[in-house]
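See below for the structure under consideration.
Naming follows writing order (A, B and C), and every chain is counted from residue 1.
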Amino acid sequence: MNSDKVTKTILLLSSFVILLIAGGMIYSLVEGSVSAVKSFGFKFIWSNTWNPTSGQEDYGALPFIAGTIVTSVAALIISLPLSFSASLFLGEYFRGTKVAAVIGTMVDLLAGIPSIVYGLWGFYVLRPFLIDLGLPNQGFGIFTASLILAIMIIPYATSLSNEIISMVPNELKEAAYSLGATRLEVIFNVTVPSARSGIIASYILSFGRALGETMAVTMLIGNANRIPESFFGTGNTMASVIANQFGEADGLKLSSLIAIGLLLFLITGIINAIGKLIIKKMA
Amino acid sequence: MTKMSENTVNIKDPVLSIRNLSVSYEKGRYAVKDVSVDIKRNAVTAIMGPSGCGKSTLLRAINRMHELYENIETEGKLILNGKDITDMPTIQLRRMAGMVFQRPNPFPTMSIYDNVIAGYKLNGMRLKRKERDDIVERSLRDVTLWEEVKDSLHKKGTFLSGGQQQRLCIARALAFDPEVILLDEPTSALDPVATAKVEDLLVKLKEQYSIIMVTHNMAQAARISDYSMFMYLGELVEYDKTKNMFTKPRDRRTEEYLTGKFG
Amino acid sequence: MEVATQIKNTNLRRRSIKDKSVKILVVVLSLITISPIVLIIYELIAKGYRQLSLDFIIKTPPDTFEAMTALNNGEIIPGGIVNGITGTLIMVIMASIIAIPVGVVTGIYLYENPGKTLANITRNISDILQGIPSIVLGLIAYIWIVKPITNGYSALAGSVSLAIMMLPMIIRSTEETLKMIPQSIKEAALALGVPYYKVILKVLIPTGFSGLLTGILLGISRILGETAPLMLTALGSSMINLDITKPTSAVPLMIWEFYNDPNMVDLIWSSSLLLMIMVLGLNLVSKRIAARTK
């Protein structure tokens, strides 16, 4: 039928749009990075300088790669006990109760807060609190940024893990209970092992989110274009340096920022792909 | 004229003639193998057989619903009321055959009224208000639903019981005044009371329409069908007046099926 | 026998204590986990509600001197963020116009062709795209629109970056929604001789409408709060701007500007409060719609 063929063709073409966008993105990022790569070669990735002075321009991505990885890993570690507890709370201990519904909604709300609002809160509330605790550098730095990142990724890890934990079949748990196991023992000997790959996948995906967070990190990390001297020192991440240095960036500087963007694209793409693969293997 | 399948009876003035119909999913794997049969006008014809015998595929091949799946190849001829429909455009063909499915499926966003004339509405065929009202009333009366729903025609169809929904779906299929009505296990999702109502309805409808019904319920076939086809592994094994086939099956396989030797 | 029972009893007690204390730990940690939302909302309301008024929504922001004067006099800073609100509205609408048709149609394609290789590749790429940081999308929109097309920062570029963000979300929610419609509904429509495109337009989409709407609303609530990509594309403006080829403001951008100006800092709370109301409002609405379909 003619109209059916037309319909099928239109559907097919639309799926190409997404493929074109993805391809176009890679192409544009690569093309934009060419100038930086030409000037610095691959040592761009491990070079420590960031010098915008004209005539002596030299850019390297290492401080930002380091900043991104350290903050994201730290955020993951900090968030782990919290989000794991919350997912146990929602998926096991209080599953199906009104309390869980309320807490679950609040966790969802956490996910809805825009990055810039987290940044503001971190700047005006968290930071003074940390300064009181004795933090140096006016409370800016890797630690503060990691802390706020941890709060931001908790809802993702929690809701994903929660779903997966809820899917563990009741029969398995009942078998363990009937053998006289306590709640705790059932959780750690039956539920969690059953849901293990899903839980891991959810943390990988939330790690992926932490890698790309921009605004909150920008406002708390101190905007220093070098590798931080300590965990409480200031620095920058790939995302935050692009945000911070973009205004009026041109030529080589712009190309370097785009190159960093390309790196960020690749890293988050790969991490997300790994997370999704694990989830797929589970299903 | 090609040879008819063995163990079939001759029908005078059939409403539908199927000749050498074969349907394959992949090269060499046939769901329906070389079936030739004439369907009697104004009668209920049952298609029976164990799971996987090809009865649903055969039914769906009549209005080409089986083409929803890719890689299907169909060979053979179909003649409806003397007209060769093998190459007729699918959309046109489907308006000549009404289909009712296993699960009652009224369109959830439409009212009962709109569901009955959905065939017209969805095809963009405009009718005058009086024509529409007439078609709706006629179809609903034909399925004995009119009295039950005439005051709630604007309500959505989903609040009806399962049996009523299925009768609504039959009314929807009747609204086009089709040449044949195709039913794919129409009562297997219904409770016994609703099933009885639908069966009575089909017996009544055969005065006006010709009915082809796939069923896995032998008792149902015995109850309401005039003619029966028994299929096995894609082939038409036997076709006869139901009474004859059930009392004196000609083929060993038919007998074994009817006595429950295999499902 | 005695000894065994004794051991069993102490063992039991120990396990029971462990069990109870872990449960308490879980509850405590969970409460800590949700505490930020309480603290943040409290902060926004406490510091921001005073500034909220009709003026706030219909006036443009003051310049930095007016703000300084008001601060010195202990008054509420005058003005509002109407340019941000209109900018956000314009860019969100444009992003929706770009992303919704493409997203829904692609979602339909994926639903109709579940096993095909191309569909799988498309779905995977869409999922991966969903995880790309928004600032990278801003870079892309800068390269694609700001430089070559609008010759400068523009609402168009901002919309494109937001559209690319929304697209994977809409694709996914469309496919999931359609998958939940019973197959027989589609078959019934086809059996009535309805051409394929009409089945899509008149049966599938209306039946799945609330699911599609939920996906769209959630997508919008997500892009409402985005700042980073807009910094690279729309830049911001102190006035209402209806020309999509020119720099435009947005609520998050204005929050950023206020944050960077010591005199305007007090405005960040009311702006954030407004932003949160919009985001949470949309979230609530879409959850209501989703719940109603169940």
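Keep this in mind: a residue touches a chain if its C-beta (ideal position, glycine included) is under 8 Å from a C-beta of that chain, and two chains touch if they have at least 3 such contacts.
In this text the structure is predicted, and so the values were computed from the model without any measurement.
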Report summary line: Sorted by label, the chains bordering both subunit A and subunit B are C
**Report entry** Chain centroid nearest the full-protein CA centroid
**Finding:** C
Requested in this report: Please identify which chain has its centre, taken as the mean of its CA atoms, farthest from the centre of subunit A.
Outcome: B
Report summary line: Counting contacting C-beta pairs, the top-scoring chain pair is A-C
Query raised in the report: Just curious, how far off is subunit B from subunit A if you go by their C-alpha centres, in Å?
Result: 56
Report task. Please report how many Å separate the Cα centroid of subunit B from that of subunit C, as a whole number. Result -> 49
**Report entry** Rounded Å distance, subunit A centre to subunit C centre (Cα mean)
**Finding:** 16
Query - Multi-partner residues of subunit B (each touching 2 or more other chains) - result: 90-91
Query raised in the report: subunit A: which residues touch two or more other chains?
Result: 1
Report summary line: Two or more other chains are touched by the subunit C residues 195
Query - Touch list for subunit B against partner subunit C, complex - result: 63, 65, 68, 90-95, 98-99, 101-103, 105, 107-109, 118-119, 121-124, 169, 172-173, 176
**Report entry** Residues on subunit C engaged by subunit B in the complex (per definition of touch)
**Finding:** 182, 184-185, 187-195, 198-199, 202-203, 206-207, 209
Report summary line: In their shared complex, subunit C is touched by residues of subunit A numbered 1, 3-4, 6-8, 10-12, 14-15, 17-19, 21-22, 24-25, 28-29, 32, 81-83, 85-86, 88-90, 93, 103, 106-110, 112-118, 120-121, 123-125, 151, 154, 158, 182-185, 205, 208-209, 211-215, 219, 239, 242-243, 246, 257-258, 261, 264-265, 268-269, 271-273, 276
Query raised in the report: Along subunit C, where are the residues that touch subunit A in the complex?
Result: 15-16, 18-19, 22-23, 25-30, 32-34, 36-40, 43-44, 102, 105-106, 108-110, 112-113, 118-119, 121-122, 124-136, 139-140, 143-144, 164, 167-168, 171, 195-197, 200, 221, 224-228, 231-232, 252, 255-256, 259, 268-269, 272, 275-276, 279-280, 283
